[in-house]
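Can you keep this structure in mind? I'll have questions shortly.
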Amino acid sequence: MKKWSVFWVLAVFALASLASAQQNLVRVNLQLKWFPQAQFAGYFVAKERGFFRAQGLDVTLLPAGDQSPIQVVQSGAADFGTTWIADLLTARERGIPVVHIAQMFQRSGFTLVALKSSNIRNLCTDMRGKSVGVWPSGNEYPAVALFRKCNLTSSLDPRATNPDVTAVTYPFDPSLVFPDKVQLVAAMTYNEVNQIAGLGYDETKVDVFRLADEGINLLEDLIFTTERVLNDRNFKGSGLTGRQVAARLIRASIQGWNWAVANQAETVEKYVLPVCGNTCKGSGTRADARDHQTWQMAEIAKLYNAGATTRGWAGFLVPADFQASVRLLREQGILTRDPPRQTVDYGPWEAAMGRRAADYR
Amino acid sequence: MMQSDTPHIQTPQSNPKASPIVSAQNLSMVFQTGTVALKDANLEIAQGEFISLIGPSGCGKTTLLRLLADLIKPTAGTIQIGGKNPEEARKSRAYGYIFQAPTLMEWRTVFANVMLPLEVMNFPQAERKARAEKMLALVGLEKFAKNYPWQLSGGMQQRVSIARALAFDPQLLFMDEPFGALDEITRENLNLELLRLWRETGKTIIFVTHSIPEAVFLSTRIVVMTPRPGKIETVIPVNLPQPRTFDTRETAEFFSIATDVREALRKGHGYEVTE
Amino acid sequence: MIKSQPTSPAFQKALLGWGMVVVGFAVLLWFIAGWWNQSEQATDAQKLLIGAGFLLTVLGTARVANLFVNTTHPVVGFTPAALTLLLVVVTAEALLRAYQVPPGLIPTPSRVVATLFEVRDVLLRDAFQTVVLQALVGYLIGSSLGVGVALLVSRFVFLERGLLPYATVFSSIPIVALAPVLVKMVGIDWQSKAVIVAITVFFPVVINTFRGLTEVSPLSLDLMRSYAAGELQQYRWLRLPNALPFVFNALKLGTTLAMIGAIVGEFFGANGQGLGFRIQIEAGRFGFDIVWSAIIVASVIGIAWYNLVAWLERRLTGWHVSYRE
């Protein structure tokens, strides 16, 4: 009994001292869109190199779980999240009060891959009657937009009794469906394209259709939160407002991304490989985790270092790009009305970067 | 129902020497545990006899019955059932066996239960029904043909099991304490009914009991068995007149035979006999 | 229902109960009608009114339920349960409207019903794939294999020692652990889900059937022996009928397992249709009206299936102890 009470007293002291060491840091959960990999390099760098801490934040990076990032953030299990624009806008239209606060990737990396031997030359004309492999949970929207643009119904549409295109859902691994079950498979430039090459179908055997080239240029990785967080006057009792926390998170994240893109080899070695575990290995010629992540880092850098970023406006959601995404989703009937103005909030980004959105030219 | 006015068809044979239907010589049974359940039993039973095996628990009476029925094999000795060895006798369906519990199939109606042996033995369809109806009438349960066993009392269930054993008309009935679990009044009524069946059908019955009055009332001969090791102590003839009635139990002869049985049991240290 | 004179206390009680139910529902429905096209939250007073309507109906339903305590008619006796369901649905509708809960979180029951009607064709096609191809095919394969294996195991003791322990272990493997592996092995088409279902149904059927075949009274076995019944006859007349109630227990459990297996299996890869596929896709898109519609379809089919098996069970094992009154 006595021994135990001594132990408990010590344990309470240890916890108390831990707490005091961190008491100045605001605890923040950031929900990533997928499992740890170079796609999120900027956040890993910001965390490990102390950029978040320098902003007074103690950030926990949550890997993807069963739910979409929107659901996690909406439920309050995470304060911020990263996701794609179509996911965000459809959730908003369904009444989920999520808010876009920073646009990290300026280009889309979504592609559909087909075997050259399947004779698909033009997506719109050759897709009818084919099967297309996509990921569920809001990741299917670019493909849906393409189907709609080509005037094709798909099995993703609960109102289509006789769909022109069969959309097949598959988890993670394209080898589950490609090329046996589907003629086309969704693939990100920075990940699955390489996995498919690893299956023995490299660039000489497959056609990679970038959806951006087909007019489906939907913005991808962005940072969002909820109106509840933004309007919080005292975020988790820290004394900071939700907007201040958001601004600090954006500032540190952009610092992290800039550093990661400038120091790719070191980023992969020190900050990606230690956290990405089993999910980050590739296949084929780049089967090794280091090779795959190095290649992915380079591909990701292309998506980050584009558009506004190259003009010194990293993390900025270019209004014209946003309008283009909205217009596309409305034209394809994925959105039935324009999103409300509160859907995008430039305030945190402006506070973080010391710029005014209206000054963008 | 209980008491039949018809005179008994057949005078029971009390002379076992004349062509025995059951004959056991030097029968011994030692279980794997080392228990000597039966030692050197010799017994001859004539056609039409009603034999009771009586004795306390562990005297080997049920073992003897199971040996005769070929439900278990003896470790020594020989058995003849109607001139055949027990296995042949069993396979030629020479006997009906009635257990302590009615052992009815709960998924079958009373009628279907009586038909069970006939189905197993592949009797012609029409004959099955005719026989089952007749047997149910014999035990007075024709009104319950469509009931399920659980809807019947314990005594009625045991009557169904007797009808079932009689259905395929075996010459020999083995009854292993069939009324042991029933109350005294039900048991006495069933005893009377059993005697009537025995007279009407002319079967040979071997009946295990641990009740002295029951044994005296039913039997033509009583085989007294004693335990440790299980053996046949003596065989007592019962020369009470047939047909026997409730009044038979009140006669001096009845008490005298019961006393003989009790003495024999005591002689073999079978004190714990219950009545 | 209690037959009584108009002036008797029992009649007055009944009248009061029904009156409370009617008034309570009227209040709730009146609010819903008034708030049909509103997009603001209701006032506190209105929310209070919903609470009052709910409370009134609850108390009324409790009184009404008392009137049905001695009812034996299967449909009439269901009245209190039906009232409860109606109350829950109507109250949910009123509250969701009063608080303006976004449909991307919880759709109103009326919206779910409208959606169910609108997308019925696709849901029926989904149900065909999930229920008929995956659940039913897997169920039939799993249960017939299960009965077959149980027959073998009960006949050959070495199988019982060598095989049965594994059945117990395997039957406790959770479906979510099994599904991704099987989808990867067999592919994303309906066959992989049928295999998942077959496996999950198989083990309980084996274990239960085996118990039914072997938990036979020793006296019954002696009886069959006294009839000189062979092995086959012993099975036909004794072991199989004895096993029937056990088999049906497993078959009833199996309907639930089959529906779960078929739906969950689709979460790990689907060929573009199926109730699980629809639920997964629409949950990811916040289309919860469709998700709930799919859940309703799955539940109705699941309940009907279970009851069909239960009905068969009553027909075939009506003698069993569980049906005695």
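Observations
Just so it is clear, A, B and C label the chains in written order, and each chain counts residues from 1 on its own.
The rule is simple: contacts are C-beta pairs under 8 Å (C-beta built on N, C-alpha and C of every residue); 3 or more make two chains touch, one makes a residue touch a chain.
Since the model is a prediction, treat every value here as computed from it, not as a measurement.
Any chain that touches chain B and also touches chain C would be listed here, but there is none. When each chain is reduced to the mean of its CA atoms, the one lying nearest the mean of all protein CA atoms is C. One finds 53 Å separating the Cα centroids of chain B and chain C.
Computed centre separation for the pair chain A/chain C is 38 angstrom, with centres defined by C-alpha atoms. Annotation: 86 Å between the Cα-based centres of chain A and chain B. Contact residues on chain C toward chain A in their complex (touch as defined above): 101-105, 118-119, 121-123, 125, 180, 183-184, 187-189, 266, 268-273, 277-278, 280-287, 290. Those residues of chain B lying in contact with chain C across their complex are 69-71, 90-93, 95-97, 99-101, 103, 105-108, 116-117, 119-121, 148, 150.
On the chain C side of its complex with chain B, the touching residues are 217, 219-220, 222-229, 233, 237-238, 241-242, 244, 317, 319-321, 324.
On the chain A side of its complex with chain C, the touching residues are 68, 70, 74, 90-91, 93-97, 131, 136-140, 154-156, 158-161, 163, 166-171, 173, 176-177, 180-181.
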